[in-house]
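Each remark here refers to the structure printed beneath this line.
The letters A, B, C and D name the chains in turn, as written, and every chain counts its residues from 1.
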Amino acid sequence: MLKIAIIGAGRIGAVHAKTVAEHPDAQLILVSDPFGDNAADVAACYGARSTKDVAAVFAADDVDAVIIGSPTPTHVDHIVCAVQSGKAVLCEKPVDLSMKRVDECLAAIAGKEDSVMIGFNRRFDPTFAEIRARVAHGEIGPLEQLTIISRDPAAPPVAYLADSGGIFRDMTIHDFDTARYFLGEIVEVSATGQTLDPAFRGSGDFDAAVVTLTAASGAVATIINSRHCASGYDQRLEAFGPLGMLEAVNQLATSVRYSGRKQSSADGPYLDFFLQRYAEAYRLELGHFIESVTHGTAPSPSILDGRAALVLSDAATRSARTGERVAVGSPSPRVAVPVR
Amino acid sequence: MLKIAIIGAGRIGAVHAKTVAEHPDAQLILVSDPFGDNAADVAACYGARSTKDVAAVFAADDVDAVIIGSPTPTHVDHIVCAVQSGKAVLCEKPVDLSMKRVDECLAAIAGKEDSVMIGFNRRFDPTFAEIRARVAHGEIGPLEQLTIISRDPAAPPVAYLADSGGIFRDMTIHDFDTARYFLGEIVEVSATGQTLDPAFRGSGDFDAAVVTLTAASGAVATIINSRHCASGYDQRLEAFGPLGMLEAVNQLATSVRYSGRKQSSADGPYLDFFLQRYAEAYRLELGHFIESVTHGTAPSPSILDGRAALVLSDAATRSARTGERVAVGSPSPRVAVPVR
Amino acid sequence: MLKIAIIGAGRIGAVHAKTVAEHPDAQLILVSDPFGDNAADVAACYGARSTKDVAAVFAADDVDAVIIGSPTPTHVDHIVCAVQSGKAVLCEKPVDLSMKRVDECLAAIAGKEDSVMIGFNRRFDPTFAEIRARVAHGEIGPLEQLTIISRDPAAPPVAYLADSGGIFRDMTIHDFDTARYFLGEIVEVSATGQTLDPAFRGSGDFDAAVVTLTAASGAVATIINSRHCASGYDQRLEAFGPLGMLEAVNQLATSVRYSGRKQSSADGPYLDFFLQRYAEAYRLELGHFIESVTHGTAPSPSILDGRAALVLSDAATRSARTGERVAVGSPSPRVAVPVR
Amino acid sequence: MLKIAIIGAGRIGAVHAKTVAEHPDAQLILVSDPFGDNAADVAACYGARSTKDVAAVFAADDVDAVIIGSPTPTHVDHIVCAVQSGKAVLCEKPVDLSMKRVDECLAAIAGKEDSVMIGFNRRFDPTFAEIRARVAHGEIGPLEQLTIISRDPAAPPVAYLADSGGIFRDMTIHDFDTARYFLGEIVEVSATGQTLDPAFRGSGDFDAAVVTLTAASGAVATIINSRHCASGYDQRLEAFGPLGMLEAVNQLATSVRYSGRKQSSADGPYLDFFLQRYAEAYRLELGHFIESVTHGTAPSPSILDGRAALVLSDAATRSARTGERVAVGSPSPRVAVPVR
């Protein structure tokens, strides 16, 4: 029975708390959040203790592992403290918005990188995972073109975005990890940003983007992002090879289909947003984390995967601003094995 | 070069005229219609002669074959005259609404049944034909359940329906032929009629129906009909066997798909009505007729197939009125070979 | 907090136990099963007591409600004992295979019918429920034709079927309830049975069937059943009215779509079987039961709905054997309100 | 009755000859081809004259308009001669592979540009045209992202490709025109080329590519190309705006859908290749040409549209080789009006 503490009792922390509570091999021990009653409220649902002082988490002898769902700027501190106090870590993406801070984090936990897993939850989505497995099994031949269409239902508040690091570090970073998950080492990045909503003008940020990634294998990934989408959370992926194509199509809230005077075979809305679309992925992600801690194996995606996704985010940011294609010189020490 | 005359220059006659004109091995010679300028108008488009007197068709030495698209009550007379004057015949369904008249027709052309083909055009629809061929090839194993959903966009005028012989002889007759095309000999018919539109109350006719047919093989066909359908001409078929299922889904005018706030993946309207949905079937039907006449082989569907569909229509009419399942005692002398 | 006991610790009992355990307003107190360690095993997962003696359930003062998932022949006894000991009941379908026994049950609990809910779980399926709500809201106009296609992945063992009461009482009974859920009072039943698998020959039972139900409203429901389906658990429904159509299409395990040399846009397999396809329905069904007990309102589907579905099952059995359409004379005292 | 000559009696010439013959307002007068019996064979089908000497076309007094389907290097000469002899021209794409030659052509026909239409047939595809019309009508709001996926079933012979001008001038040029048709003026081009098939290594050409186009409006188009596709001719388009999305999905040879043990809802193959997929577009393209000549209006796409697509092809070629985003400085004098 793995004893788990959660840092951050916001929306994502509550999801993790419930998932931990339902997992047969884990127990929620402690919830930490500095604001109001958040920690106490979440803890109460599952019979766990709560604290406003995060130091209590690192000091707790009965905590084996920590899930970090606090704001991004605190991630590195929490990772380092947790690792140094001997606890395993599952940290939400991104590790940090600054490459320098990420590298400081890596230096601080040198030799214990395998204690840290990064929450790129899409790797655990059954649909994406099935496609990757079938690609790896050779069903479509060597992967040649990967197309990821990823659009949010609506842009977050401008205040949130000001601290987000920009679309590539905040939103596309998930897709960069997905691209690496399928294609392995990326060698070149070319990005085009769009500022469609006038609210984004002058922010230096974009609210839509197209990114082209070239892999060492010669395969190319295209990522198409938008901060808004009228029909909801648009999450598609298309893996194309010489023998065929595997697509992840959008998932729907129900399987009702309507036909009427103007339309035939109209499906209902997509699953609402990431908490619904990736509900199963959160469960499987936690299961993998618990299993890797329990068995003492390295979790994946690792903190180096977290760094690699940030490398691509930085490269895309530079490419979108300069119009140049950016070579990604130093491959991550341990990239995911490319699928081919 | 097969020289062809067309009797009846209405909507369906015009379709046949164009199809004949475009066929490389056929020539439109003569068009006959007693009303106004119909015959002359159609003939003029293709450089053919025209007449108001149908007798001129049977007397014409340069006519090898006749396509009968005149009103149903004239079919038997025109078939008999055409056959007796040595011409091959392609006659629109039904042969007649009265079984007695059909049998008189058969008696009159005894020995020359192979001169007559009946225009059950759906047999030539590439989608239905592909499904039948794949069933025959064993792809889904022995056919166990056949489901036909066939709905018209809107009911014809009541005046038309008064002479139609009722829904089973006028509309379902196509589906009865399709059922025989897939299942061969039918031994029992059970029908339920509906009168949904108040205009049909007291007419003795129905505007919707469900029919269950049991084949000699043990397979069962279900036919679901309606005289109206908001989303257009609903033409589906589903062949189910122990190894799988083959469906004919509706066909669309374009391949545009819409996603918006309320609906995702909404297709556009179906192909408009039978002239659009079965346009290719009309071409292939004529091609088969021309080929069978040219090569001296028996055309299919034959006039006996026309009779057999009427037998099922009569049985369904009786079943819907009495609530009894009706045994279909005397199988047609030469039914289509069942697919299994 | 509603305190619940479960009678029967087999497959369905285990599902209910987990659902109770996860429900915030319910507590699993006691599990009863006469065989081996079943009860103890299930109880242990959720910290409940267990017993091999069902009498202990009715005697337990701390049990408010009982979920009956034991074999069908025990349902009536358990319902009567539970009601007489003042407990609310959620009983799996069917109430019993014998109408006489059902009526004895109703007599024994007279005045307390509202204590009993029958587990027709499909009413709680979000897809079916959405369609019914949209029909009720007038989206497609008055319901005219309802088509239910319901096929199991594979036939159960012959030994099981010998005690099942036949396909109409065992399998179609779900679809009869669905038809009543949409159409209200049914006045006529016509059924055709098929014995496709030689193993069913001579059993007096069928392994496939087509049933036509006529509602008092004039609407017609068609049910197409098979005990086997190569592509899995085929669960479709189509509600057709003058303004449009609402379909429940099959649900898939993932949203992966494959295109290759021979096929384009091939979806993966359906959700496996009823435990997967109706997982959410089981949760919502229990939620409705808990809420109705807690608030003292009548649960639905009621035991009279259970009886009404059996009336249709008996009528279909007779129709399939005799070839007659069977009038369903005495409507249930309180049928579901028809949707129109 | 417009009298038409065809230059080039190869595959595309034969398509045009048939289309002219079937058009009610046009007559095929003359077919020219220097090789073997090509011209005579095609001409014989439709009662036209034939010649091996293209000069006879320009000299023919009874020819009003010329369709040029000869090899690309001859296009400019034929356009100039035809225009100078007072004939209207419909020329297959591209005008020429060399911008210098295109500009020489424009100089030679200065003042008579409206005599020349370029055969970008996809503008006439009913599906693409419907999407453009619905975008123009505001159905999805201002167009923000356009995604074009365009893959051929199989690469042409290497010998053909050597003279093709490379993938961007030969294949993507269609997609560049489609992008301009939707987005109007393009200001920046970024392209990534792939050489997947070893046969392409060292050729300087690519067999797959991803191109990003930025429009003056701020909209971005992404084009994904491949010279091969296992599932056939993959022709998709997706127009995305703030109010919704309109997609062109692939079109199928029949509407048969298969479900079996491993797959559910598997569609059949796509329409074979461009002659099938764009059959209706060829007809509508010719109709527009005939109408514009007859009414003396400027045809569209114009020769300036042909030049503009070549500008984008050249820019993509340079971008793919250098890794730079290429600004497209001088917009075409008369671009298509952007849709927004």
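Keep this in mind: a residue touches a chain if its C-beta (ideal position, glycine included) is under 8 Å from a C-beta of that chain, and two chains touch if they have at least 3 such contacts.
These numbers come from a predicted model, not from an experiment.
K.L.:
Going by the touch criterion stated earlier, list every chain that contacts chain C and also contacts chain D.
P.N.:
Touching chain C as well as chain D, we find A, B.
K.L.:
Where are there more C-beta contacts: A-C or A-D?
P.N.:
Answer to which pair has more contacts is A-D.
K.L.:
Comparing centres built from CA atoms, which chain ends up most distant from chain C?
P.N.:
Here the answer is chain D, farthest from chain C.
K.L.:
For chain A and chain D, let me know how many angstrom lie between their CA-based centres, rounded off.
P.N.:
Each chain reduced to its C-alpha mean, chain A and chain D end up 41 Å apart.
K.L.:
In chain C, which residues are in touch with two or more of the other chains?
P.N.:
Residues 140, 230-231, 243-245, 250, 258-261, 268 of chain C touch two or more partner chains.
K.L.:
Of all residues in chain A, which touch chain D in the complex?
P.N.:
140, 144-145, 147, 149, 151, 188, 190, 192, 194-196, 208, 210, 212, 214, 218-220, 222, 224, 226, 228-231, 240-245, 323-325
K.L.:
Show which residues of chain D lie in contact with chain C when the two form their complex.
P.N.:
Result: residues 230-232, 250, 252, 258-270 of chain D touch chain C.
K.L.:
Looking at the complex, which residues from chain D come into contact with chain B?
P.N.:
Interface residues on chain D, with respect to chain B: 22, 126-127, 130-131, 134, 139-140, 243-251, 253-261, 268.
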